[in-house]
Amino acid sequence: AHVSLFMLEVKVIIANAIIAILTIGGQQLFSFFTFSCPCHVGQNLIYGLAFLGVPALILLIVGYALNNQTWRLVTGKRSPLQQEGTRNHLLQCKLTCFVLCSITGRALVAPVTWLAVTLINGSFYVCAVSEYVSTYYFGGNSNITASERRKILAAFPCSQLVPPELSRAKDEVILLLRYQSQVAGWLLIAVVVITVFLSYCLASCFSPLSFLHFRYWTKYVHNEQELFDEAMDQHSRLYAMQHVRKFFGFAPGSENVKEIRIPSLREW
Amino acid sequence: AHVSLFMLEVKVIIANAIIAILTIGGQQLFSFFTFSCPCHVGQNLIYGLAFLGVPALILLIVGYALNNQTWRLVTGKRSPLQQEGTRNHLLQCKLTCFVLCSITGRALVAPVTWLAVTLINGSFYVCAVSEYVSTYYFGGNSNITASERRKILAAFPCSQLVPPELSRAKDEVILLLRYQSQVAGWLLIAVVVITVFLSYCLASCFSPLSFLHFRYWTKYVHNEQELFDEAMDQHSRLYAMQHVRKFFGFAPGSENVKEIRIPSLREW
Amino acid sequence: AHVSLFMLEVKVIIANAIIAILTIGGQQLFSFFTFSCPCHVGQNLIYGLAFLGVPALILLIVGYALNNQTWRLVTGKRSPLQQEGTRNHLLQCKLTCFVLCSITGRALVAPVTWLAVTLINGSFYVCAVSEYVSTYYFGGNSNITASERRKILAAFPCSQLVPPELSRAKDEVILLLRYQSQVAGWLLIAVVVITVFLSYCLASCFSPLSFLHFRYWTKYVHNEQELFDEAMDQHSRLYAMQHVRKFFGFAPGSENVKEIRIPSLREW
């Protein structure tokens, strides 16, 4: 029993780790094969946001969709958990809120990993905001217009479009943007990890259940679901068997069949 | 039971994932080995659409054809599901509509993946619409006629046909078109994912069945089909056995045959 | 029992070794693929600290979170250990303190390894503090201003931004910083190892339990937890079985089911 509960927790951790690693791998493949910055004023930002935001959105929705709890919440009927204890309306609200937080937390693993990995990689961010870098990096020749300057800055992520005399300025701008992107990525990770840890701690502090009591209920809910599913399968099998027997006149799988019934054309 | 239902859901996810991965792989192989843009005014669009649309259409039709539910719907008889509950005409319409949506949803996985991957890859789109790029990208030498300009633009996807002085313009046009194609691909994916998720949510909200009840019926329908097939096989075997015994005077496979019957020439 | 206790100790050592090796590998991959110093005054230090500190913080928090004892302490109820012996308030404080130290010790393995490996590798430290190197290394031409000098020093970690006449000074500064970083890393390791060993020794000296007595209690706590978990599993299983039987009319897994109960729509 100790082992099986331990396995349950380990499974959750391994699942999250696999999600995170797949996200990292996908991001690397992705940015390498398909990302090519348009290097044009006004398009860079949209392009960068599309590559940054849409996969994160998809991962979030997939995370919600793959969680059984979501559908249990949406159909809004009594869950096995609710059969125990809570008859009060306030408690029901609290429980819904708790389940919602728990689902969201699970669903956020992949998109947050995606955002953090993308920011630490940096190439999407460099493309998206290169045209908004301040004038500070063009110290000497400020005789060009602002729109001209933005056009030059927008071309910096594409090496082949940058004239050789601006090569050093380009290097400095790209280093600056990578610095901003990577520090933002680390801050995101730090904030998320601290928030998650503190919210778990607070939830545990204000929980009416002690540690062992909580483990007992986790175990109970898990067992109830397992037994319920088993009984559901057996029940539906027996029920279907009755219907089939009524139709064909014998139960499938029985050895010595005395007589068979020929269903009329109408019945098909 | 828990395991088998879990396997059922996992099987659906894995099936969809395999379809998607095969589509992606096929698209990559395909665009690498067989796609070569004609680079000629008026042919590019037809060529690009042929490579974009025909595989999508084939995947859609194959998706419909491989689904058992399609044939059940087309033959228009009562399915085992309908034996339960629905006697009302309105309900029957609703059910048909629901099954149709479910089949279409399953059949659309492959073509939508194909379209999205093709747009994110970008090479088909670049070939198809390069001749329709606006004049903005020919700032300096606008002394050429419109048809001449279209001819030059149509040749941009083939590097070997572009004169060296237009090399920079070609780079910018291709970056622009890849940007349009990839953003369109991401928008397609985002719209599809959000639509699917919301429609599932709404369907669950207005469903008369709770989460567990729905799982019970899924399980029941699956069991009934399995038992029905088993009984059908046994029944048809017994029925055929009766006919053969009537003809030859003994049942095939029986050990001690007392007498055999010589069928008259007429009976053959 | 001797073997299993031995296994317990071996398991702890192997777990720590795996944590340490994963940390070392991750650090190497990490500094190779994603670390690129911004080489700009005022950004270097933040960047270096972000790469040095945030992973260490994450590893520390993860180390706390994965430890069952943390949650037992936070929920603040009686642990099985406390059921024995300690009714005194002072002793309870001491026990809490001891458990806290034990958790912290386990949680510190990964972050300390990360810090030590990062310092011995040296590239993060070189980037972070290169602008604070004293003026000693610009012996000849000290006619430049202090801010100018810091700007040049800040660019030293990026080879492509250093003018060729300062190449020798750059080499000397980088060798100096690597020396400082690596010596600091070894000192950190030495201090940690000695502290851990001495604290174990002191804890053993002032412990009221003899060596064999302590081993007995370790064994007892381990056995109690195992038996408690086993009983918990069986109890929750039986309790869930009662509920399921009430719902479906039979116990799942029973062979000869006389009659089944069709639950009403209300009950789902």
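List of remarks:
Letters A, B and C name the chains as they come in the text, with residue numbers starting at 1 for each one.
Here, a contact is a pair of C-beta atoms (placed from the backbone, for glycine too) under 8 Å apart; a residue touches a chain by one contact, two chains touch by 3 or more.
The shown structure was predicted, so the numbers you read here are calculated from the model rather than taken from an experiment.
Fitting subunit B to subunit C on CA positions gives a rotation angle of 70°, reported to the nearest 5. Among the chains present, the centre nearest to the common Cα mean is that of A. Here subunit A and subunit C face each other with different sets of residues for the most part; under half of the interface numbers are shared between them.
Rounded to a whole number, the gap between the C-alpha centres of subunit A and subunit C is 25 angstrom. In terms of their C-alpha centroids, the spacing between subunit B and subunit C amounts to 47 Å. Within subunit B, the positions touching two or more other chains are listed as 1, 209-210, 212-213, 216. On subunit A, the positions that touch subunit B within their shared complex are 34, 36-40, 43, 46-47, 50-51, 54, 57-58, 61-62, 64-66, 68, 71-72, 74-80, 158, 160-161, 225-226, 228-237, 239-241, 243-244, 247-248, 250-253, 257, 260, 262, 268. By the touch criterion given at the top, residues 1-2, 4-5, 13, 77, 83, 120-122, 168, 171-172, 175-176, 178-179, 182-183, 186-187, 189-190, 193-194, 197, 200-201, 204-205, 207, 209-216, 219-220, 223-224, 227-228, 230-232, 234-235, 238-239 of subunit A touch subunit C in their complex.
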